[in-house]
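Each chain gets a letter, A, B, C, D, E and F, in the order it is written, and its residues are counted from 1.
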Amino acid sequence: MKLITAVIQRNKLEPVTKALAERGVGGLTVMDVQGYGSQKGRKEVFRGKTYETTFLPKTRIDVIVPAEEAEAVIDTIVAAAKTGSIGDGKVWASPLTGLVRVRTGEHGPDAI
Amino acid sequence: MKLITAVIQRNKLEPVTKALAERGVGGLTVMDVQGYGSQKGRKEVFRGKTYETTFLPKTRIDVIVPAEEAEAVIDTIVAAAKTGSIGDGKVWASPLTGLVRVRTGEHGPDAI
Amino acid sequence: MKLITAVIQRNKLEPVTKALAERGVGGLTVMDVQGYGSQKGRKEVFRGKTYETTFLPKTRIDVIVPAEEAEAVIDTIVAAAKTGSIGDGKVWASPLTGLVRVRTGEHGPDAI
Amino acid sequence: MAEMQELADVAWILTALTVVLLMFPGLALFYGGMSGTKNVLNMFAMVMTTLGTVTIIYVLFGHGMVVGESLGGIIGNPLDYFGMVGHEEVGVDGGFAETLDLAFFTLFACITVSIIASGAMGRMKFSAWMVFSVIWATLVYFPLGHWVFGDGWLSANVNFHDYAGGTAVHMASGFGALGLAVALGPRRNLQTRPHSLPLVLLGAGILWMGWMGFNGGTAGGANYVAQYTIMTTLFAGGTGMLGFMAFEKFRDGKATVLGMCSGIIAGLVAITPAADAVDPFGALVLGFIAGAFVAWACTWKAKLGVDESLDAFAVHGVGGIVGAMFVVFFGWATYTNDEPIRGIFFGGDISLLWGELIAIGVTCIYAFGVTWIIAKVMDKTMNIRVSNEDEEDLDFKLHGQTAYDYN
Amino acid sequence: MAEMQELADVAWILTALTVVLLMFPGLALFYGGMSGTKNVLNMFAMVMTTLGTVTIIYVLFGHGMVVGESLGGIIGNPLDYFGMVGHEEVGVDGGFAETLDLAFFTLFACITVSIIASGAMGRMKFSAWMVFSVIWATLVYFPLGHWVFGDGWLSANVNFHDYAGGTAVHMASGFGALGLAVALGPRRNLQTRPHSLPLVLLGAGILWMGWMGFNGGTAGGANYVAQYTIMTTLFAGGTGMLGFMAFEKFRDGKATVLGMCSGIIAGLVAITPAADAVDPFGALVLGFIAGAFVAWACTWKAKLGVDESLDAFAVHGVGGIVGAMFVVFFGWATYTNDEPIRGIFFGGDISLLWGELIAIGVTCIYAFGVTWIIAKVMDKTMNIRVSNEDEEDLDFKLHGQTAYDYN
Amino acid sequence: MAEMQELADVAWILTALTVVLLMFPGLALFYGGMSGTKNVLNMFAMVMTTLGTVTIIYVLFGHGMVVGESLGGIIGNPLDYFGMVGHEEVGVDGGFAETLDLAFFTLFACITVSIIASGAMGRMKFSAWMVFSVIWATLVYFPLGHWVFGDGWLSANVNFHDYAGGTAVHMASGFGALGLAVALGPRRNLQTRPHSLPLVLLGAGILWMGWMGFNGGTAGGANYVAQYTIMTTLFAGGTGMLGFMAFEKFRDGKATVLGMCSGIIAGLVAITPAADAVDPFGALVLGFIAGAFVAWACTWKAKLGVDESLDAFAVHGVGGIVGAMFVVFFGWATYTNDEPIRGIFFGGDISLLWGELIAIGVTCIYAFGVTWIIAKVMDKTMNIRVSNEDEEDLDFKLHGQTAYDYN
């Protein structure tokens, strides 16, 4: 099994979720994150004082998939999340050494 | 060392924390996440218009443990987090290649 | 490539970001987390009733770096995040098996 | 010297105006709470700025157009009250000054325009809104106000009952909001729910208090009618709440808090034309019916595919009609007018029905049609809708700020 | 024709009623802010819907039961004011209309019931609350109101001082909330803290303004007593705040903002029975004592194990008693009543002590007991408590919505 | 017996006081919304507690110092109104009681001190604030109030126009806030933005309503001037909003909502000294100019390096000066005073310029200087600034609570 993590634009969550569902990925976990990279933060002016935010809102998705599907899933995410503008984010894969479904106690790939 | 990650029901954070503490796990890191899986999102109706949330609130816990305790810790979490209903979540383990305690600079398992 | 994860004090985000930028680390992802460890939670009293929070606000940083820079980046973070008081947090490293930049589709270390 | 009744009247009208002023932040919070987090500020700005834009034109020529000498029943003479010049001496010896009148009527004009912001939610350029608010007030509200509140052809020739602006204020803004929403087309992303119900509740509560000033102040003083309408306004708001909740309970099994707040406003809108024309039972029943009816209107309106998401059409448009028609059929009040008011079912004359239908029809058609034309013409000339990119992040793109920062 | 004083009186009472109306969203926000995020909406709904449910019965038979002709001192004649029929002519020639009176008293009844929502926080079925509010008003408030505000046995036979409802409003609701909380049993999860102190502050601030209308309006007009009680109400709220904060500073080392807000309300509750019976110094001292005393009561009440988490018991029950007893001992006001008021320490008659103790005892015992019985009987017949599952997610389960969505 | 005008006057002043009271939570929310999440509660506590601390000293000796018999033009006799003893009989037969006067003036004193909290934002010990508020009221506000509102040397010898406290209230608090901010030094972390603009809007809206009571109540009754100033106050608030937004649009390309709210207050501050001295056009123009001018002042003030982040200096200090100077040059009102008011450009006498400059100069220099001295002396004796550690987590460290818990 692999854990695929994607940091993407906030408004791409819906299309990515949809694309994954179509590929048969049945579950994922999402969280709000703040990112920083080549893309600059933004400025808000309050009564003439400027507040700069270094970080920009992004969304992080974690999906566990069988090792053999990892490549395909990454491609799906990349395709669905791409706008072509700077700040589109990254997708990475990491190894897992175990997985359990809490409800049933199933182990390994069955638990996905 | 292993990093154990659990995505569980929100209201199971307290029992899981307690169970881990009883097992001697002395630290953990928690974050609010949104999950999606076999369990469906919920609907709220506002003046006749229905808003469906694809995602449901879950809690994610990250705990670093010595490799040998990983199995037992996973079992503890699963036992404490289980309700038997759909949506109970997953627990997985991933390998770590290093750990440092910021305060002291201690390395490896000593830093846990 | 390595994924370096740091859980630090909230008010250390700025110095750590700055220190990493100076080292040439060009991107990172941040999220608000709640931590628990040797440091105790805090109490707020409302009309004589005490509410104790087990968890304390911390910040988590994820940075992907070329494997060879991992050690140095960890040291940078530790140096910048340290206050010497309990609750300063942890930094750990995990292996990655792949990385893609969404915008360009670049793979591997080029995508960092 | 003024009469003693008039002296007390001034005290109450000063108060009425003061609480009506709070309706503006009330409405801003009511609408803003129902918006998604990304367009709270824009909603605030649309609602509040009428107090600048519309006020200026009201002082210059609006008051004349509404209550000035009628030019053939079509419109009041715009020059009649130009900046109050020549009217300032009134009241120097005590009693009403025309300045108070002007201020009170200014608020009526402003709030009517503010309500329409519902139809622009989340997709209108802010500069376009500023221009629109001024044009709309001039072409829609001032004429309608003249016909209803002034010596216009409607009040002169048609026998209808409208206590405090069910037509010129509520139906006009409700149908105006619909016209604007139709002209703008729907937002691209309709999946935003009300971001803060506490703000909605607060807004509704403030509006209710303000309505006491609105309806009670329309009585013109601390007199019998003020006391009467304060009572009916209180009662109809209370049962409007229950009516909306009952409908929801019946339809979905659960009575919601947004429904509760909407029901309050529905009841208040409905009692506005009827506040002096129903007895306590009538007020209770009218409120309940209006609440339930508006709840139902929200549902089928959602199916029309028009994105008028804050429901000014259902609440103010439909609610106003319900109130006006209730008087026609079930009116009953003995001492509030020179002659007792009796609805058709209580022995009243059926002629009121035709008059009322004309007044409603004229108001709604005029408001909807002219609003749509204004919006379309503006769109051709200056493009009133924001770009798709701006729409996703409206507050920041239009106003350079975001509503919250909890870090 | 009405007298000129009466004309001015009407202007002020219209105002008083208007600001009292804002106390409802004020109380809703005060309570809702103190609730956890998962039961904000339910709290709003409980507080606000009394304006529908209780209003209806008040118009039908409540006003008669409170101020109608006394049936043997026990209760007023429920038929006396049935929908105001036959009372509408009053005030047609100027001066007070009975409609205003009805509306003002309706609000008193509604707010008393709303306060009790404190005792139901986070665990009562909403339908049960609706039923409870109607039964409670009928069996507890209407009788108590009759005894205190009407011609009931208490006001006829017992010599006690209660300016504006320290007994029938505050002690009744405070002890009622306690009774309801005891009958319901504690919530399963007591670990929720107030989710938004800004809402609490706003609520407290609105309540303070409303209290000006409540106490000032009880004077019945724009007279000496209104001006006097407005002053004492202002002062006691201010020092109530300091008293609560001082107690906290002393106990915990830190004065909190929830304490500040609670102290304001404690001071206001305490001045309610005493507003016309203390001089400026008395108002300042009474406020401070009440604030500190209520702070202390919150602490030991927490130890009783009763989950009455919004502290209506401590604030309204105990606060009301403190105010009433203060008058007995330290009252001092020369021109507000026909005879100067003097507390026992200032030469007053000790008989007032017995009268006051009887009035307090009757109110508190009656309110607590009957409330408990109502709740228990209802529980047997319709099961008034939500299921454990619903309790965890109350707003969604009962009202189908959640309070916030900041995404 | 009181005259009939006076009876109506009482009704209006009771109302005015009631809505002025709501300005305190209004200001608390306005300031608290502009603060970062970590010092919302502290801001609330600073603003609200003046209603306790300042009230007490006002009742004891403040009212005497302001309006008591003048001791050589310097200060009123502190003993003159000690707890109102001897003044309670006034109004027993109808008409104004002195108690109402006392309560109204108490609120003036309290709100002036509350505004200064702007200068202490995020870094002052709470106990130090409590002490400071009492000392400041005594040494700065009471003397200034005496000079302007009482029989002090300024009002006796200098010909200047200040309708409702542009000097003693707004310039004094604006320059006081600046003095306090200078004495305290800047916060360590200046990177916090306003955490909730909905709270800011709500606060501004409430303040606007309260200002109707403030300016309208200063007229002393339900008379011509009250009706006149209510109108000008409405208009200046509306265009103040536009002026600030226009300046922002011009400078940054976007009109913000914080700017909108700030502009309302700027317009209101500016109209305070001028409300009876401009005609409708004048009010509209003055509001706009004040809004734009204050917007500009916020910008250059930011460059001074003084951390007075809630901008009481720019809004109240500069705004007040703009209003006062506007009257000198462009005043025009015919019936509000015994003699018509005419600004220099409309044929008025240039002597008003000198008088006005003296009044402004004295107020601003006195307020700034004495405030700075008080703060510095207090700092030497009790250390008024919080520790660096406490500054990072202010609400929790000073008040033991945090503002929100959305979990």
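Please note the rule applied: a contact is a pair of C-beta atoms (placed from the backbone, for glycine too) under 8 Å apart; a residue touches a chain by one contact, two chains touch by 3 or more.
In UniProt terms the chains read A, B, C = Nitrogen regulatory protein P-II family; D, E, F = Ammonium transporter.
Here the structure is a predicted model, which is why all the values come from computation and not from measurement.
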Q: Would you kindly state whether over half or under half of the residue numbers at the chain A/chain B interface are used by both copies, giving same or different?
A: different
(Q) Taking the mean of the CA coordinates per chain, how far is chain B from chain C in Å? (A) 18
Q: Report the inter-chain centroid distance for chain B and chain D in whole angstrom, where each centroid is the mean of the CA atoms.
A: 51
Q | Multi-partner residues of chain F (each touching 2 or more other chains) | A | 4, 7-8, 11-12, 15, 19, 193-194, 196, 202, 222, 252, 254, 256, 258, 400-401, 404, 406-407
Q: Enumerate the residues of chain C that touch no fewer than two other chains.
A: 31-32, 44-46, 94-95
Q. Based on which chains are in contact, what kind of graph results: line, ring, star, complete or other?
A. other
Q | Inter-chain touch pairs (all) | A | A-B, A-C, A-D, A-F, B-C, B-D, B-E, C-E, C-F, D-E, D-F, E-F
Q: Would you tell me which residues of chain B are touching chain A in their complex?
A: 2, 6-8, 31-38, 54-55, 58, 60, 70, 74, 77-78, 81-95
Q: Would you tell me which residues of chain C are touching chain E in their complex?
A: 44-49, 51
Q: Would you mind writing out the residues of chain D in touch with chain B in their complex?
A: 34, 191, 193-194, 248, 251-252, 254, 256, 258-259, 262, 295, 298-299, 302, 309, 311
Q | Residue ranges of chain E in contact with chain F within the complex | A | 4-5, 7-9, 11-12, 15, 19, 36-37, 193-198, 201-202, 204-206, 208-209, 212-213, 216, 222-224, 226-228, 230-231, 234-235, 237-239, 241-242, 245, 252-258, 260, 264, 279-281, 284, 334-335, 404, 406
Q. In the complex formed with chain F, which residues of chain C make contact?
A. 11, 42, 44-46
